[in-house]
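In the two complexes below, chain A is the common chain; its partner is chain B in one and chain C in the other.
The block that comes next holds the complex of A and B.
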């Protein structure tokens, strides 16, 4: 399974990269400004339709699985470290240095809330990574008037990252098959022993970049005259609608934060959750925004022939 | 027309000349094959045609190169792109975009062409190269052959008059290589494109080219028709990689039988027909089927071995195999048949998902790969992944130091390996600055110095010229004389026919044939060598049907 972009030709893939970037920023803003666990759950759920419509369930699942493990780790640390909360579920005997450790209901609920926050953010990022064509992203960045050479160089450098990992793996295997003990000794010794790979890794990368540069020059890179683009991503009505929705989402979260609607007190006692009209409206809004790529007729990336 | 006049070139960081007094004329629509040993100047010659030499590399140059009346040495490469299309060796590193269509568009975008023209040209080139079905595919999902075809399309789209291909098949498996060569032939025949192809495996193209240029030590040593060169080269045949079918005619000539020189099997059957039908063959060569040896001499064994990659792909299915001391085993099969995975399980780099692998009685799951290094040496395809030290000497002693050899043993082994691999002259050189052949010798010496009992080589001959291959095989013969066991993963059937003993054929994660090379390779539709294919219609005249090499056919000849 590839955890990189694959063109699956879905409405999510066809959305303008700018739309997806603004949407991700809105989800991140939401997960920062809101700490009500129910709203955070809604926020996370709102990303799932994108996953289904974008046909990236398996790939997205791998991101989520990793986040869940990370969440469990964070939750355990939080439960052990945070001694706040009034409902003590377990109290450890006196431990040297640490003293008594109390595990409270509030710290458990807080950990769950934080995990959902992390899940929502990672989910949005995963959708972005899995559905944006790197070449489209390059063109989007060009809209910010960053020089083409800089953007292309960055894009190629990013494309080479998987090659770098493959190289690293092969070089490590080569060292192992020659009896080199990389995992021997303390932390610093291990780092030092692994450092032997760096010159070879750099050398391989340098050779690769020279070959790329040769190929680019041979295909007219840097020629005088204006640079044209084969694919021009057109902005459609759906894109505008989606941007408007994402910006409204932004505004909604900001208003909720200012009015303290989405804030939730975990300590010293968890606040009882009451389903109010604000929840219902937020939920509706999120579901609408999540379903929007499918609601509208599928967009077609049209080659601009003008 | 391309015109080289007295061209001499030296790279900026080198003391040797890369090209010496090159004078050469290439006419429009000619199909030229350039061959010669690694480091002889073939690639440099190609890079002069589109100005990469000297404008990209720099160096000292004298003489001139004119390409379609353009001074190629004083014209930037980017401006030569419309005249000369250049395709490189590595299919991975010459691609820029993420999908096929945009990759092809890259050059057109650089030239600033309007979109209407781009659309038309891309459509045309997709059809011409025959990759229309790949147009929306991500480059990362393409096979090596498909990537090379995309690279060819991405230069053809600029409508060059000349297509230069620098070893375009050296990184490809046989199927991918064949596809690329067929495409190049078609482009020359149908579009009248001037094609300049650098290639080591000349048997693939010799029959299709108009002219052959052979280079050695920065000079052109032959320029003319391919058959003319074979006549000329017959005295030093061991040094050149001519097709076995052609080699046979030279051997027969030395026995006093003068025949025409065939370049293909079909031609060979016509030319050799009177000889092969002549019922004067010695009795068929007795081939020796692979016998089960005493189990105590088994160095490695796998039992009911399964391997599944983390992504769920099952690449090995129920493999059981014994590797006996002193054997030379060739592991063959199509790409993704599980050869490399099996090899990595046999040295402990991978651990079985199910089943068991034992090296000298040690279960690989119970020890680290570093600890198995004493028994099993592994040579990777790319010699660069073996190079970590600052000098050749340090590189060779690296493994011995890791395995705790005494300083006396290290000293003795170092001297022996330097001598055996002819590396004494570059003992203190930086390994990465050496030539391909030298790097490969260093890689092999660095592994063999530690005297492993079993040596696994993963496609070590891919991209090597015939001379380097022959040298490598001679080193392996020497290693086996000293009791070593060899497992060679290779697609090179001719090489296996010549040097192999036991052949293991893999397909879709299973061993489908395992036995003596004559049993496995003879009469095979896909894996039989040229000579075996040649003799099949003549077996009724007494010639043995499992003959694989020129040497074997000559042994049976009265």
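The block that comes next holds the complex of A and C.
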């Protein structure tokens, strides 16, 4: 099991974690609030500069592949279960239990719209997973005064994963050297054969947890006073500028929500989208504010050095 | 009745009330927002319990390690679709260590494993579902439910887990929010849910009792209460009675 995050030392990886967290949350909020297919496409396109500049095209691609499978699943549910829409393209004969199934043009367009919404959301989550170091993410959450014990627990769990992996590997190897075959047999046999490792892994790990608790106590866990870090994330003035850029996206979505821009009714009839000046300006501002943290990220290093 | 049970009861009552209100005045968005609010509130209450409760470094370390084991236990079974040993580990944790530890191991398992497997809209639903598995498992010893009952419980959660995590698709990407669309969404993963339920049953049948014994032993070894006699100040350890916490 390899960590999804790899430090590729690109401008996107160097961006402050707070900036990226706010940006990701804004894109997710936007993809939920916006219904309009054109604006959803633009939102998705705006995430691509992060992928290209962050050099995560291959890893991001596997997320997109998963989205395509999920889109097919979503399309089937919408077409079969939703009988809404006025343009019936296909009407099935009477089926047992299900009755007559009508596939409408509206349900197909709605499925496409929802697939684009899913693409935008998953793309944002992929950027979060692939470009933010889990330790930085947890430290940022702690600095934001969000539950300390929860974050600490997650942090210890992540820290122990490599050790547990070594344990797992050792246990598997020791069993195999004794001629124990794990991959043989049918479905039930394979599960039973593999399951034998878990109690040993648990026993080892519980001993480890006591050592870890003792280490925590000896380092003053539970005493009053602020928490200190070995590596503190530095926040420069440029970071504030990038955080402001990400926040502008939130502000835009709030305005759109108040003015009811970006909503679109798929049912009962598909209506053409009115391309007005305000619509074009909103679309333009959406692309600019969503893509700008990535586009301007190469400048951060230059400005910080100055 | 413990504080956590009162919180859980209140959360359930609020959930029912909100659902009744939404079903009367419901629209497409209110269902999504309402469900998300309920999930976030319930999880918030549980995290609050963990943050503010009397928890020592031993509990934090234990929860962290069990979450780590639970997350990596998915690896040897990656070749077998939907078979997830984490559900059985979370059930055993809730059974022995109680609702807070059960919830925390469940929620952290989803968070930690998705750092490796990839986060998505499903993360919060997985955190909630596995967390609730841990909370509900803590009720089993109180009801004196043992081996066969625990296996049935594991089978039921194989399906319930799938239905809860499927909600993210239904809420955000399916229209309209009717019982038939819900049924189709839940039904679409029936095969995977059955494999999950079957996996839980096998793990609990083969390893359930053994794992619970390991956890009980750990609990007895490291969680002890010192009860001093009030009439006389203890001058040496022989004046103290030491009892395991589960006695």
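We take it that the second predicted complex is superposed on the first by the 194 of 306 C-alpha atoms of A that agree within 3 Å, B and C clash if a C-alpha of one lies under 4 Å from a C-alpha of the other, contacts with A are read in each partner's own complex, and residues count from 1 in each chain.
Assume a residue touches a chain if its C-beta (ideal position, glycine included) is under 8 Å from a C-beta of that chain, and two chains touch if they have at least 3 such contacts.
Note that the structure is a prediction, hence the values are computed from the model and not measured.
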Touched partner set for A:156, first chain B, second chain C, both or neither: both
First (chain B), second (chain C), both or neither touched by A:220: first
Chain A residues touched by each partner, larger count belonging to chain B or chain C: C
Partner chain in contact with A:190 - chain B first, chain C second, else both or neither: second
Contacts of A:248 with chain B and chain C, given as first, second, both or neither: neither
Partner chain(s) touched by A:7 [first = chain B, second = chain C, both, neither]: first
First (chain B), second (chain C), both or neither touched by A:212: both
First, second, both or neither for A:135, with chain B first and chain C second: first
Which superposed partner A:177 touches (first chain B, second chain C, both, neither): first
First, second, both or neither for A:229, with chain B first and chain C second: first
Set of chain A residues, in rising order, touched by both chain B and chain C: 1-2, 4-5, 134, 152, 156, 197, 199, 203, 208, 212-213, 216-217, 221-222
Parts of chain A lying in touch with chain C, wherever the complex brings them together: 1-5, 28, 32, 63, 66, 70, 73-74, 76-78, 80-82, 84, 110, 114, 117-118, 121-122, 125-126, 128-129, 134, 147-150, 152-158, 160-161, 164-165, 168, 172, 182-183, 187-188, 190-192, 194-195, 197-199, 201-203, 205-206, 208-210, 212-213, 216-217, 221-222, 266-267
Sites on chain A touched by chain B in the complex: 1-2, 4-7, 133-135, 152, 156, 159, 163, 167, 170-171, 173-181, 196-197, 199-200, 203-204, 207-208, 211-223, 225-232, 303-306
Chain A partner contacts - residues on chain C that touch it in the complex: 32, 47, 50-51, 55-58, 60-69, 71-73, 75-77, 79-80, 83, 85, 89, 104, 108, 111-112, 114-121, 169-170, 172-176, 178, 180-181, 183-185, 188, 199, 202-203, 206-207, 210-211, 214-215, 218, 222
Complex contacts: residues of chain B adjacent to chain A: 50, 52, 56, 76-82, 84-86, 88, 90, 92-99, 101-102, 105-116, 118-119, 122, 136, 138, 140-141, 151, 154-155, 158, 311-312, 344, 347, 349, 368-371, 373-374, 376-378, 380, 382, 384-388, 398-399, 402-403, 432, 446-447, 450
